[in-house]
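Next come two complexes built around chain A: one with chain B, the other with chain C.
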Partner chain A sequence: MYGMGIKDVVREFLRFRGGIVGIFLLLIIVGMALGAPLISDEEAGNRWYDLEYWVEKDLPKGVPPAWVGVFEGRSYSVTERFPGQIPETNRFILRTNITYNMKYDVPPSDVVIRVRIAEEANISATTTYFVRLNVYRPDGTVIERVLDLETVNRDLKISLKSEDRSRNAIISFMKDFDEEGYERIINQGLTEVIDVIYILFSQTGEGALLERTEPLKGIYTFELEIIRTDINLELDSLELLAMGAAHGVFGTDTNGRDIFVGIVWGARVALILGLIVAIVSVLIGVLYGTVSAYLGGWVDEILQRIQEFAISIPLLPLLLILAFYFKPTIWNLILLLIVFSWPGPVKTIRSMALQIREQLYITAAKAVGASTGRIVLRYIFPQILPYTFALVAFAVPGAILTEAGVSFLLGAQGVLEITWGRILSDAQDASAVLTGMWWWVLPPGFMIAISGLAFVLIGTALDRVLNPRLLR
Partner chain B sequence: MGNDVALDVQELKVYYYTYTGVVKAVEGVSFKLGKGETLGLAGESGCGKSTLGFSLMNLVPPPGKIAGGHIYIDGMDIATMPESELRKNVRWKKISMVFQGAMNALTPVYKIGEQLAEPLMIHKGLSKEEAMEEAKNILPKVGLDPAIVNRYPHELSGGMKQRVMIAMALILRPDIVIADEPTTALDVIVQAQILNLLKSLKNEFNISLILISHDLSIMAEVVEKLAIMYAGKMVEIGSSDEMFADPKHPYTQGLLKSIPKLTEKGLHYIPGQPPDLRNPPSGCRFADRCPFVFDKCRREEPPMLKVGDTQYAACWLYE
Partner chain C sequence: MALVRYLAFRVVNALVILFFVLLITAVMMNQYLEDQIRAEIRERIAQEVYRNPRYATYTPEEKDRLAANLTLRYEQIYGLDQPYVVRVLYRTVDAMMFDFGNALVLKSSTGSPVVSDIIIEAIPRTVLLFTTGTIITIVVGILLGIKAATRVGSFLDRAISTFAMFTYSLPMWWVGMIFIFYFAILLKIFPSGGMVSIPPPEDPVAYAMDVLYHLTLPLIVFVFVNFGGWSYATRSIVLNVLTEDFVNTARAKGVPERRILYGHVLRTASPPIVTSTTLAILGSIGGAIITEAVFNWPGLGRLFYQAILNGDMPVVIGLTYISTFLYVFAILALDFIYALLDPRIKVGFGGGR
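After this line comes the complex of A and B, so read on.
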């Protein structure tokens, strides 16, 4: 092993298939981290925790990835925008029809109505207007007064899914066709939880309320009425948004955030944190172990007792408390992780250095007049250096996992950057597992596992190549 | 013999403080080494000759320590000097060493040139380029191609490595060079080459040489003065002519007799074992193995007695 050139190491390394797989996985993660601004919107990455920003982006909430339809053999509806004609009239009632062709196997996840009042309107701020919505379905049925409200809001955005009036109107509409289902909804208090938008777009009949019957394809007409109380109130724009039933690479969370954005930007934090913590703490540990072994005697004794004390501190609980009090940025967390993970390699390195310091060339170096620092850095350290690379590779997954653990447990109290652990924590808070939103849980989980796996595979291969005891 | 003293050792004691007791590896050794003189230090394994060699640089490996006595070089006492000053002013500058087993005395991870350059960079403050240049200049003197500065130790043969070690010992032009078993792991032909090299370099660089070996036949080739050690003590010292012609101490006589001769049948040896150095016997340490032992030998330690022109022996026979 000693005197092995870089080329030899690379050639030996490539003999281990696991190492190649590890390199491949690592390249994917590095590609994500470096390409984050290209792969996804940079602003989206920077404003991940700014929920208002995500509301503005009008992404469907809590929908699966776009590609699930391919596997299920069903077409998922996509997000579509329909601007409404603003009628030119002097009457108080402004009526417009928006048609929507529902041709998908899975209907939209939500319908959003947006009404903007012209700013220059010469009216008082307290002037109200009414918004009414009737839906004409392809089977000839009509759901009346899906919306019926009075408001002063100059920029009104209503999601039918979360509007009580709409929910009740849709459920009442279907009541005539599915008495039994209606009974159960009332008796079990399910009004708040059932997916009314699905019912809006589904065929009438038994089970329509609770059993997610076949969707009703065809042209839906949304009749929107704005009733103004002051003739000076002018409309700026009207819009209907049919929110898709699937979105993007990894779907969205319940706040309408694109999970793919979070995954891609999370790779940066994971890599930076993992590598910095691993390299710095292993270097500290290696120098500590080498110095301890080389100096020997009572210095060694004291250094070893300090190391044993440091390594026996239970890391996670302490990290949680410290991270909570320090309002952590990723750099604080990196510092804390280094402070607690440097003792890891000390014992192994010390035992290696103990062997090396007994070599004649160390005595020779002393005789030549080399100082202690020079002997440690130039004579002992280079011998241990190759093994250090393997140690670094092994230390990375530990750091990433610990960060994920801390971020998961602290949630919003945790680090301020996007991390996979934090995404998992948000998923947990939204009961993503219970509501079947696997696309919110599996991607970050897999990314954590894959990044750990990549480094372990590389570390194992490096260890086999560089550790003299394991090579053949 | 030189007209001046290069090294003056007085009552030197080197002990190893082990868990099972204090091993008195060198016990009250005194001798003088003249400038340009060659001293052979001989004795069987474990007699303390290598320890003595290391202690002359105050570099006894732990748990060993210089426990008493003085080592004067240029009026400086090496035995009591602080480590930092030893490093700066003595080691390699005044006194350097060719280590036993040159195979392992070179760092595997650096090129020969870089290792030769190391003392120059540490002591003379030369830049790496200057030091490498000087390393190239000294290699022909030990019979090596300057091109090997770019080789790693594992690319060289044992003899070449030994020559590199000799070059390294000479590179700062020290006054004294200790050669600790310089030929032990080498074959006979290379041994002869190395010894001739040492001899010629000694004259060229005008150094005082201490040759440590268990092999009296190579001593006869090289040294001017011979010292015999037994169980941590110097038992006899004198000019090599006198010592080989007329050894006085029974141990020296036994050693010389043990050299196999073509003309005689059978091997001679000295029966018995050297004493345990953790608690050496009172009186003469050789008493148990000595064919001429008598009462006084076991009671009192013999002092160094003058037994010839230049010869001294620690034996009651010559009182």
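After this line comes the complex of A and C, so read on.
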């Protein structure tokens, strides 16, 4: 509908429910992109790929979102820190008891012991100390020597879930109650994979090793002994961390990263890349098609051959090949996507421009002596412009999808920014699907789909409002 | 005569396009490919000269001289002594003739390193999944689209439009991941990937059933993601034709609605549908890189992924050629079909004047 004012367009647009939903979804994503530093930690977003930073954050690894408990009707344990009392003594053995009230339906995902040696301790670099841990369970049973190791490190952080000693200690504790399960573990070589922390906090009995018996609620006492070999070795702190079984809005990945942070920051790349690629490539394509149609003759012929060539290049393979040469920053990727996306709208635009070219006012403009540039830009282009908005909206999802695909395939070789495709790539590398970590796979793909959907809805509504008659 | 000239022109056009796409691929991968060949030559010379007990008595200078001579000879064999332009052109022309040389890393299941063997082996697997999927999608999509067009505003119509919009921006490979999680991991009714069980069944019938079992889930994903768009497109095309004057005329004449739809409307609506169908079916042979990677389906797409991961450039060139070839061939086929069907199409410069 040529000649509509902006107000008319807006009023017409608002009559389409789909368009309103699209605007609403778009606002959510724009809000995420702009508000990323506010709704999530800015430093966490900047250091997403710095895994050591995430280790320091002490988030539980590979746990579901905090709200799953509500739907399952079970309480998930949350992350809790227990500082241990450091006894004032001049003995070699420093002993402290840390009590933990396990009152949850889902026990912690890990228990971490952290020892820090005082900075000012006057000891040689090779001075060792021993760490021992006994666990007194609520049912009166005791797991002895869950830890028993010697270390030269000044500071120590041990995860009972991944430490061999504690794994074996817990398995052999439960062996007495579940001999059949123990045999199966040995025969099937499962010692490395079973969840020992769950066993640590579960009731004794048949099937405790493999079938997961009920958790054993109550007070657990962790008896921690630091045995020093040099009396000058002073402790700065002792700490026990019960890692939660659920965390945050979207849970965490196996590196202990908060997936919510990744999702929020990923909106930036998706929006910037999607919009820039769509706008620039559609504009190039529209101008190209218009010029080609207006000039006609052999120029048109050559321009059409070039377009056919450009559109025949298989995009995704080429992007992957190019990744060998360019470290694909987001700007490189945007440039490449534009180079390969502009031919898309050319043919349609050209056929529209061919019809406009034959109209009387163009002939009149020519007769008055208007230049080619003026005719193309001032007389033909404005006629096509409304349709361009819809084209841009429809081009955004394609760009976002391609970026996601490239990031998914390239993984660590891909762009340096946080992208939803890269999160999915990490999930795939960690076999998140096969191990059931749905919270790592669903949100990124859902966001890709939602942001695409927003633009499709807006595009469809725009199309209905603005589509010039000549396309019908 | 004009028709023959037109078709000849289109064929030449297609060949030129193919040549340029290959040339670009060859130019881009030349550096990497030649680095690999040079590394291989160095390794071979280390084997043959420096670590060869036969030359143990040679002085280091003599060894170096021998190595330099051998290097020159190998470089001649691989054509590395030719100027850059010649090297790239040779590689392009060879590829045009389907001679992609030997793969650097990958091998076919029979152990052949010839790139054509590796590619030919993967084609039927991709066809089995994606071409089957495309055909099912098209049939379901077109039927639903026609139904929707004849019942504008009905529940079916609105459901299809909504569904099409939703699936338009859905990554197929992500849907694959979700379906694997739900149907293979949670419900355990389908395998989580691959084309056959390991080890594969010996009996041919059992083998076929096993492939079918592995095929079902990716096929469902493919149809699920794609049929909405087909229905919506068909609906729009048919709806456009339904508003034409001749349909009103036919209605006024009292032609039964069924005959109007199948006799008049669909005949008019078919050209764009034929175009998309041809493009889709030929395009499906190229496979989908990420979806095959997710489903671990050993077709062309996964082959491309592995070739990129291993830096196996001859295979990459071969696959790029195949997918471009299919696309250009599809366009050419359409040109032929339309040229035969539509007498108005004329050849020559200044088309569209």
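Going forward, the second predicted complex is superposed on the first by the 467 of 472 C-alpha atoms of A that agree within 3 Å, B and C clash if a C-alpha of one lies under 4 Å from a C-alpha of the other, contacts with A are read in each partner's own complex, and residues count from 1 in each chain.
To be clear about the criterion, a contact is a pair of C-beta atoms (placed from the backbone, for glycine too) under 8 Å apart; a residue touches a chain by one contact, two chains touch by 3 or more.
Remember, predicted model here, so these are calculated numbers, not experimental data.
In the three-chain model built by superposing on chain A, chain B and chain C fit together without any clash. Looking at the shared chain after the overlay, A:Leu434 reaches chain C, while chain B stays out of its contact range.
In the superposition on chain A, no contact is made by A:Pro138 with either chain B or chain C.
With both structures placed on the common chain, the touch criterion links A:Ala449 to chain C but leaves chain B unconnected.
Within the superposed three-chain model, A:Phe408 lies in touch with chain C and out of touch with chain B [touch as defined at top].
A count of residues in chain A touched by chain B and by chain C gives the higher number to C. In the superposed pair of complexes, A:Glu308 makes contact with chain C only, with no contact to chain B.
In the overlay built on the shared chain, the residue A:Gly296 is in contact with chain B and with chain C. Contacts of A:Pro87 after superposition: neither chain B nor chain C is touched. Legend: residue contacts after superposition of the two complexes on their common chain; A:Pro37 is shown touching neither chain B nor chain C. Between chain B and chain C, the shortest distance over C-alpha atoms in the superposed arrangement works out to 8 Å. According to the touch criterion, the shared surface of chain A, contacted by chain B in one complex and chain C in the other, consists of residues 296-297. Residues 57, 59, 61-62, 87-88, 91-93, 96-97, 99-101, 104-110, 118-119, 122-123, 152, 154, 168 of chain B touch chain A in their complex.
For chain C in complex with chain A, the residues that touch the partner chain are 13, 16-18, 20-21, 24-25, 28-29, 31-32, 165-166, 168-171, 173-175, 177-178, 180-181, 185-186, 192, 240, 286, 289-290, 293-294, 304-305, 308, 311, 316, 319-320, 323-324, 327-328, 331, 349-353. Listing the residues of chain A that touch chain B in their complex gives 2-3, 296-297, 359-361, 363-371, 374, 379, 382-383. Per the touch definition, chain A reaches chain C in the complex via residues 18, 293, 296-298, 300-301, 305, 308-309, 312-314, 316-318, 320-322, 324-325, 350, 354, 397, 400-401, 404-405, 408-409, 424, 427-428, 433-434, 436, 438, 441-442, 444-445, 448-449, 451-453, 455-457, 460, 472.
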